[in-house]
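The structures considered in this document are given below.
Each of the next two complexes has chain A plus one more chain, namely chain B in the first and chain C in the second.
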Partner chain A sequence: MRNLLLIFTLLLSGLMSALPHAEILVIVNASNSTTTLEHKQIVDLFMGRVSAFPNKQPAQPLDLKAGTPERAAFYKTLTGKSEAQVDAYWATLVFAGRMSPPKQFTDDSALIQAVAREPAAIAYVSRQPLPKNVKIVMELSAR
Partner chain B sequence: MNIKSLHIKVSLSVAAAALFVVVLSSQFFYQRSYENSFADSERSVQQLLETVQATAAIAAYVGNRELAQQVVTGLTQNDIVVGAKIIANNEIIGQDGKTTADAKQQLISIRLNAPFDEKEAVGELAVVPNFPLIALRARDSAMATAIGLAAQAAVVALLVLIMVYWMMTRPLSNLSGRLHRITPGDGNRLNVANLHRGDEIGLLTGDINALLHTVETMLEEERQLRHRVELLETRFRGIFEDSSAGIFLVREQGTLVTANPAFFHLTGVDESLQQKTGDNNIIAQVFLDHEQALSLIKLSLITKRPHSADLRIRTQSDAPERWVHCIFSPVANTQQGSTIEGVMYDVTQRKHAEERIRELAEKDSLTGLSNRQAAESALEELINQAPVGGKELAVMLIDLDRFKYINDTYGHDAGDKVLITIAARLRKLVRDSDVVARLGGDEFLLVLNHAGNIGMVQRIAQKILDAQQAPIEIHPGVLEKIGMSIGIALYPDHGDNPLSVRKHADQAMYAVKRQSKNNYAIYNPGDAEVAEEVASR
Partner chain C sequence: MPSVLRRYSSLLVCVLMLSSPTVFAEVEHRFSGFATLGLAISDNPELAFRRNVTQNDGAYEDNASWKNDSLVGLQWQGRWSPEWEAAVQMVAKDRFKNTLENSIEWAFLRYRPVDGLDIRAGRMGADVFMLSEYLQVGYTMPWVRPPHDYYGIASLYHFDGADINKRFLFGDAMLNIKAFYGNSGEEYPLAINSERGTEFDFDLLGTGASLDWNSWKLRYTYAQVKVNSDQGRQLRNALQQVAPLWPAVNNLIPELESVGKKFDYNQFGISYDNNIWWAQSEFVKLDSELALVADGKHFYASVGRRFDSINIYVLGGYAEPQSPLVSITAPAGLPAPLATQLNLLASATERSLNGVRIKQHSYGVGTRWDFASKMALKFQVEEFNIDKTGTNLWLRTDPTTSTSEDQQATVVSIALDVLF
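Up next is the complex of A and B:
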């Protein structure tokens, strides 16, 4: 059984290495019933179009601090827009009122902690080992 | 102002053409300008929409009503937009100004795509353009264009008009006016302005001058010719009028065309009367021998050469007979028929002279009877003309008895008187057609036409003898009876030619003379002797 698992793990890792290298992981609280999200659903969540997961559970997107390379890479990978364009988008909405961009955190660890604490949270981090109280709903590979 | 004058016509034409061009072109340009202007405005609306497209797309993407409202409010600030709305998820999330239902107009709309996915439509931005304003602006712009064009055309037309007037109409009008004042023959010419030396107007002026010159030359020639013709006409008319010969023109039927005074003078026809009644037959009126005259006219027409004859003309009943020599010549054939020229002159005197000469030649001057030559030729003629087996002629030779005695006793005058008396008696006893001649001395010859039978001839001979019983007063108070011997021969019984007939009559007469005298005898060819028949006394 352990052998079988090992073989499966090896096979999986081999398969993974054959796929494009996934660098960004989209994570949610482990208690969240959502297991996986579509690319479009992630865009809609982070860009303020929807404020709930597909299972109607409220969602709160969390962002990295502006100016970090990871943030720029994330938005570039997710929307194809530059960080500045995304900021301008938010500025337009903020100016109109009633809308605010996702709350920003200084680094990955702060983000992971926030997701672990908050059941509605959703955030992105670089590929790394994750604690048990968060789970991956999507992996983004920078193209 | 003359409405028909050249520059009025040109002005009206140019004005009409300019008006036509202005109307057409302004209509065309107005239309085009209007359409362009309209299209521009629509493009402006489109551009306006594109300007706010990104923001509107964001608003539609996130369904942000505030942002949507900001966008549509911003749009309606423009005066070419009267209403705007943003629709997302089939819901109007922002609207301002008139709606489509109010304006009843077409919308101009663009699709709004998701800001992060060009393929996903998130809504629609629609505006109600201010079509009345757009149309008004388009009209204004088009009107300005059209008015500008019209003004331009008007200015060009005016310039053209002025140029045409200056360069063509006015010089032509001047030329026409000057030409109008020139009468051909007065020697005036048109002068060419320096401006037109060498152009068409100059050429025209030169040609007109040349024409004037030609016309004047021709007029002068014509005038001289007319003068010569007048001179000639005067001369010929003089000849015609003053001619002593009567000259006249008649038609074939005999109606008079014209005649000179001499004609009327000769014929005694009243000229004024003749002119009133033009259709009279002048030939019948003038000539006694009019049938001969008419046949002469016909002859000259047929032969196409002159024919002439002496003709008698009608005179007053008591006036002496008058003769004219008349020549008829065909003149020309006209539409009214053939015309004949007649020339006549009085030959009465000549006729009378001829008559006298003939009388001298043919008559015995004492008795007025035919002389020997006339008698002989008359006899010859009668015999030659007599048809064979036709009429008979009787020839009587008469010799007076005792004439020599009277002549010797009482003188020549007495003898002459006897001869005259006897001649008168003889003439009286026979018909006018019979020949009575004095052959010479106391010898007479009678030729009786249509002698009939011998008995009739004998009766005539007896009548002649009886007539001599009346005495002749040879001197006042002196009476003498004269007897005569008559020898008779008949043609053709006693001879077939004049000579033999006369010879036989002669023989019969001598037989009477030898025997009894104062008797007659008929030649008897039977016994070759002279048979005699003695009338009872």
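Up next is the complex of A and C:
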């Protein structure tokens, strides 16, 4: 059993390191007075623990559609949780009626457009050139 | 708060919510849902397994039941501003009394004057136990259903009233303090497949704190329930009539009263999750002034490990009454026909007092497989040992006889949980 576990772990870590190191950008609307956010503050926002930026301005996290690899990579990097764990966790907040779920978008460009429109928005996208009306508050390197 | 007012108030909230989109300019609507398709199989022929004490049917020998765990829930959330939000949740499932009014699980307005302070009014979840607010959302938990020894008594899904929640952040830790007050009601079936039930109307009051710190979560809740409905009146009347012949019942009658009497919960919960290993345990002490609500201690613990999309766990728990068995004997030396009647009355009283007891323990293993996005398949096997003096979480398949031997039951459960 122990050997099996070891093989399994080795296999898994081999797989993980074979994946390209993707860079994830956390972005907000350019009008937002927030300039940078710490790892923990991003966790609090995307895990529904807080609903405002540190400057007390209301925050609205935006999400990618469930099942997209970028979404899984973002939450894994941010919290160490699998997508299923994140969905189960969010279901506890949503179906308790405590939080409404983050609005989901099909791809990065839809997310960027939404953040450009909405002053309270915060979202994550892969590294790419960004329009002037959004700004980066944190960079995450996912494995 | 009488139940008429309660019905009225929850309807009012619904009307308010339906009409509100015209009142406020811009509303963001969110629709979501959850569903479980579950099957339970139990090998015991005498006792039927049910999810909790509100169900009047269950699984027993050669009778697999899909009704205990299967359900569909739909939720609407409306958001006008960061301050104002509303939610309505409806759940369709096999209920003892299935009405539209009973299907409305939540219908409340939430006001958040500042981030970290929530005030809600309407119909909402009674947050007494760790899983209380998402008791019916199978996808949120590793098990097929909330652990039976503990959650079998958790019949209280919602109440009509208000609650307040304040969050405090200290570095890595998050502390939530809450208080709630309201009214609720539930009807409990008296026997398997029977249409007859005992109706409870009660006021609920509670306060609690929960602390999240890295992988740990700790919580404590105190809740008090004051009963408004009159239970056991028939029995009291019968005893009243024989009081001249049997003076001892004069002490018993007040004990069988229910109006204005209270019972309370002291709940402790702890959980740990480092994303690979996880553990969760809860303990509750129920103290009751009512003879017809069993006081007791309930406990469960579960430990599991995740292997990618597979989660494997063990679980165990117990339920134990705090009061000794009641024994009631009719006075001796009375003429035969009268003595027979009094003996019948004595045993009927004894049965209803002891019948509410819950004494059992269990252990089991299970697995959850997250095979696709927002879909999980579960398989769980549990072994229950039920004391003959504490079978109240189960239904007797033959309600005319009583349990004379301690019972064992192996319950196998399969469930498919989805979110949408």
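One rule holds for everything that comes next: the second predicted complex is superposed on the first by the 119 of 143 C-alpha atoms of A that agree within 3 Å, B and C clash if a C-alpha of one lies under 4 Å from a C-alpha of the other, contacts with A are read in each partner's own complex, and residues count from 1 in each chain.
Here, a contact is a pair of C-beta atoms (placed from the backbone, for glycine too) under 8 Å apart; a residue touches a chain by one contact, two chains touch by 3 or more.
Note that the structure is predicted; figures quoted are calculated from it, not measured.
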Since both structures carry chain A, what do chain B and chain C do when superposed there: clash or fit? clash
The chain contacting more residues of chain A, comparing chain B with chain C, is C
Which holds for A:G80: it touches chain B only (first), chain C only (second), both, or neither? both
Using the touch definition from the top, say if A:S51 reaches chain B (first), chain C (second), both or neither. second
After superposition on the shared chain, which partner residues are touched by A:K40: those of chain B (first), chain C (second), both, or neither? both
Thinking of the overlay built on chain A, is A:S100 touched by chain B (first), by chain C (second), by both, or by neither? second
Tell me the contact category for A:G67 with respect to chain B and chain C: first, second, both or neither. second
In the overlaid three-chain picture, which partner chain does A:T92 touch, first (chain B) or second (chain C), both, or neither? both
Colliding stretch - chain B into chain C, listed as 26-34, 80-88, 206-214 or 494-502: 80-88
Give me the intersection of chain A's contacts with chain B and its contacts with chain C, in residue numbers. 40, 49, 79-81, 89, 92, 96-98
As the complex stands, chain C meets chain A at residues 28, 30, 32, 34, 73, 75, 77, 79, 82, 85, 87, 89, 106, 108, 110, 112, 114-116, 118, 120, 124-125, 127, 133-134, 136-137, 139-141, 167, 169, 172, 174, 212, 275, 306-309, 370, 373-374, 376, 419
Contact residues on chain A for chain C in the complex? 8, 12, 40, 44, 49-52, 56, 58, 60, 66-67, 79-85, 87-89, 91-92, 94-98, 100-101, 103, 120
Using the touch definition from the top, list the residues of chain A that touch chain B in their complex. 40, 43, 47-49, 78-81, 89, 92-93, 96-99
Interface residues, chain B side, partner chain A - complex: 55, 58-59, 61-64, 66-67, 70, 115-117
